[in-house]
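Here's a structure for you.
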Amino acid sequence: MLLIDQLSFAYGPHVVLHGVSLEVRSGEVLALIGPNGAGKSTLIRAASGVIPIQSGRVRTNGDDFAALSSMQRARYLAVVPQAVSLPAAFTVWETVLLGRTPYLGFLGQPSHKDEELARMALERVGAGSLAGRRVGELSGGEQQRVLLARALCQSTPILLLDEPTAHLDLQYQVSLLELVSDLAHRDKLAVLIALHDLNLAARYADRVALLVAGAIKALGTSRNVMTSELLSQAYSLPIKVVDHPFLSGLIVLPELQNHKDG
Amino acid sequence: MLRKFFFFILPVAILLVACVPSSVNTPQPQAATGIVQPTIVQTQPTPIVLTDGLGRQVKLAAPARRVVSLAPSNTEILFAMGAGSQVVGRDELSDYPAQVPGIPSVGGSMGNFSTEAIVALKPDLVLAAEINTPELVKTLEGLGLTVYYLSNPTTLDGMYANLEAVAKLTGHVDETSTLVQSLKARVAAVDTKLIGVSEKPAVFYELDATDASKPFTAGPRTFIDLLIQRAGGTNVASTLKDQYPQVSLEELVVLNPDIIILSDSAYGETPEKVAARPGWGTLAAVKNGRVYPFDYHLLSIPGPRLVDGLEQLAKLLHPDLFK
Amino acid sequence: MKRISPFLSSFLLLLLALVLSLAIGSVFLSPAQLWAALIGHGTQTSDTILWAIRLPRTVLIAMTGMALSGSGAAYQGLFRNPLADPFLIGVASGAGLGAVIAMSINWPYSFWGLLAIPMAAFIAALLTVFVVYSLARVGRTVPTTNLILAGVAFSSFATSLTSFLMLRSTDDIRRALGWLFGGASQSNWTAIIAIAPYLFIGLGVLLVSGQALNLMQFGDEQAQQLGLNVTRAKTILLISASLATAAAVAFSGIIGFIGLIVPHVMRLWWGADYRRLIPLSIISGATALLVSDIVARVVIAPQEIPVGIVTALVGAPFFLWVLRRAKNQGYW
């Protein structure tokens, strides 16, 4: 599990995260929602150790990440970053194999097991046919799936995803979230996923954390956190949350300005 | 903190650089400052032992039969003393006297020398000059060759001493002795004619005027400077700091030379072109038509032709005395 | 291209270049003469030419090419910039300044006296890297943008200082230019022994850093998240590449284009994986410089063009050709 304890981060005088505390348990999907600029990406980057934190701690069972080397941390925690520019010349296969870095020897030569894991990861995200293609030739969605495959073969108990559905078609959004759900519930990973689509968050998250202006406004089940009041306040927009008429789950809708409905 | 350190270093570095003496260059040239007696061994069968311009002791069992010259000045010197037939190789720039272009080249000039070519000629003596680097001397030494380095003379006596050294190395002691006597006599003749002359024209010796607003000239500590004075003139650039300074047109107007010598006439400069240069028409020398082309070889190559140069200069500076 | 082993073909080309470098020179030696000299039965002249002139020169040129190309590839990976070359952060200008300052001092003509200039160049090169690195550092990280900016600034500073010094002492200009343009026409075993340890240590570290460089292509953050200690990796890479470059520059002067172009050609032919790119660049760098040196020796024999001029004259059009071919291939 991932324990974030009173994490604070600032860019100079501008504070982005105010003492955020969060626990992501093994076997659950915790969705991180909130408006842009709330600090979702920053929280993920801070937790993965690529930006220096001003105060607070990030721990797993017993181990404080600050005391670990990059290599050790990479065995606990894998990150699927938000759409980043990837070096165009690398092939999908080479990219995914890099996920095995924390386990490779001195010279970085992968073993058969490493290659097998990479192959399986590619299959699992539905990108098996892309293995030989250059990353620069792929669409945004395809790239996103490759990054997920890379994170998968890093074989970590904790997985952080920063808005992975941003460039995907609906069918791929769904299949990715199904996969993420699977990873949590079947493989018992602790998954923290930042999402901007509130409906998907409501459907797939076991718990939800609402982050507004660098602080956790609410933390709990989707029913508890995603209320009309809380969301309207957080997003500065009238939002209505209702129960789905026949599927179990919530529907989140912004209220229309010109009332079309009665 | 280191940033502050760096900004402190900057001015210090500039200061240090400014203090580095500009005229010292390659390792100790020794035998060139005037009257020098190289170590000599007199009797015939015993080997020739001399100390060269880098302070190296050079030994030859007998006068050299096959000589490779690495500088135009050396080539001229060798031919002047009658050792021309012993020259088996020369540098790319050597072209005087007329037989020289026919001798195989071993490289040099803009490019580097071909050590292979030098070795292949099997010389028993390689004659280097200050225009060659000490690294080259070391390399040739390392290949088993005997190298003698002639440093640039700064006086006429230094030039005679170089002639005498090469004479010993090549077995032309008597001819050279005669040559030196005649050179000294010619110089003495010039000196004599100039006794009592009080009128010393101011001379501007132009080396390069590609940028006509800032021509290059020969300053203090050069042979040109020395010989202008010896020829009964004064060098307007004598008071400047650098050896080969660039003089702005304004400065030149202030210095106001009586005579302008175009040593770059070989590159197409003529008195007519000079008169046409913007701003040059105001100079006294131009107005009086005392702008003369000159063969730069006569004063730039530290060999016996320096005396020719002296005589030519004297004719230009005091035409009434030297017909 | 995929069928031939890149290593085999590169090695074969290198072997060919080595043989040609020993066989060709401004003095023509027939195969019979070469063979005789090789087995110890040659004339004194051909012996001297082969063993005392061509062999050390070949070795020094090969080593220089290896160092420049290997560190060029590493710099391109480190800075994620296709225009990076071993001189990006000022090593060349620093070395040049050191050499020219040393040349303005009267060293005695002796073993150590003549070693002063290469030593000054070497030390100045390393000092430059240290200064640039320190200027670029922000807290515990070294942003690559800062490195480039600091390097460019320092380069300009050093270059103008060098020009100033050269202008002040016209006697030295010829010697300084000769050194700056690069070339190994005066190569000897002393030089080789002097630079060998630094060169091989530097290149050795680069050879095992391929994976780290691969990771760095994804940016500092992703590389860190995948387990690389990015700051430490950058520092080690910078030091090793600079060590190799400084060693190459000390005796051979500034030879451009090899460090820039050879890695690109390797990338175009064999892909961007640095675990292969580094060793292939090293091997092919030696080949490229050997070929350039042969051209430099032969084209206007017996004059020898400084090899830095040949690499630029040949390298520039070759580079443009490679660029044209690569335009749409996404090979970077």
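For clarity, chains are labelled A, B and C in written order, and residue numbers in each chain start from 1.
Simple rule for what comes next: contacts are C-beta pairs under 8 Å (C-beta built on N, C-alpha and C of every residue); 3 or more make two chains touch, one makes a residue touch a chain.
What you are looking at is a predicted structure, and each value in this text was computed from that prediction instead of being measured.
The chain with its C-alpha centre at the largest distance from the centre of chain B is A. By number of C-beta pairs in contact, B-C leads over the other of A-C and B-C. Between chain A and chain B, the centres computed from C-alpha atoms are 78 Å apart. Spacing of chain A relative to chain C, judged by their CA centroids, is 45 angstrom. The mean-CA centres of chain B and chain C are about 37 angstrom from one another, to the nearest whole unit.
On chain B, the positions that touch chain C within their shared complex are 2-3, 6, 10, 13-14, 17, 20-28, 54-56, 92, 104-117, 119-120, 122, 130-131, 133-139, 142-144, 242-244.
Partner chain B is touched in their complex by these residues of chain C: 25-27, 45, 48-49, 52-54, 101, 103-109, 113-114, 131, 134-135, 157, 161, 164-165, 168-172, 174-175, 178, 183, 185-186, 188, 297, 300-306. Those residues of chain C that touch chain A in the complex are listed here as 80, 139-140, 208, 210-211, 214-215, 217-222, 224-230, 267, 271-273, 275, 330-332.
Looking at the complex, you find that chain A touches chain C at residues 45, 48-50, 52, 69-71, 73-75, 77-79, 81, 84, 86-90, 94-95, 98-99, 101-102, 104, 106-109, 134, 136-137, 150, 154.
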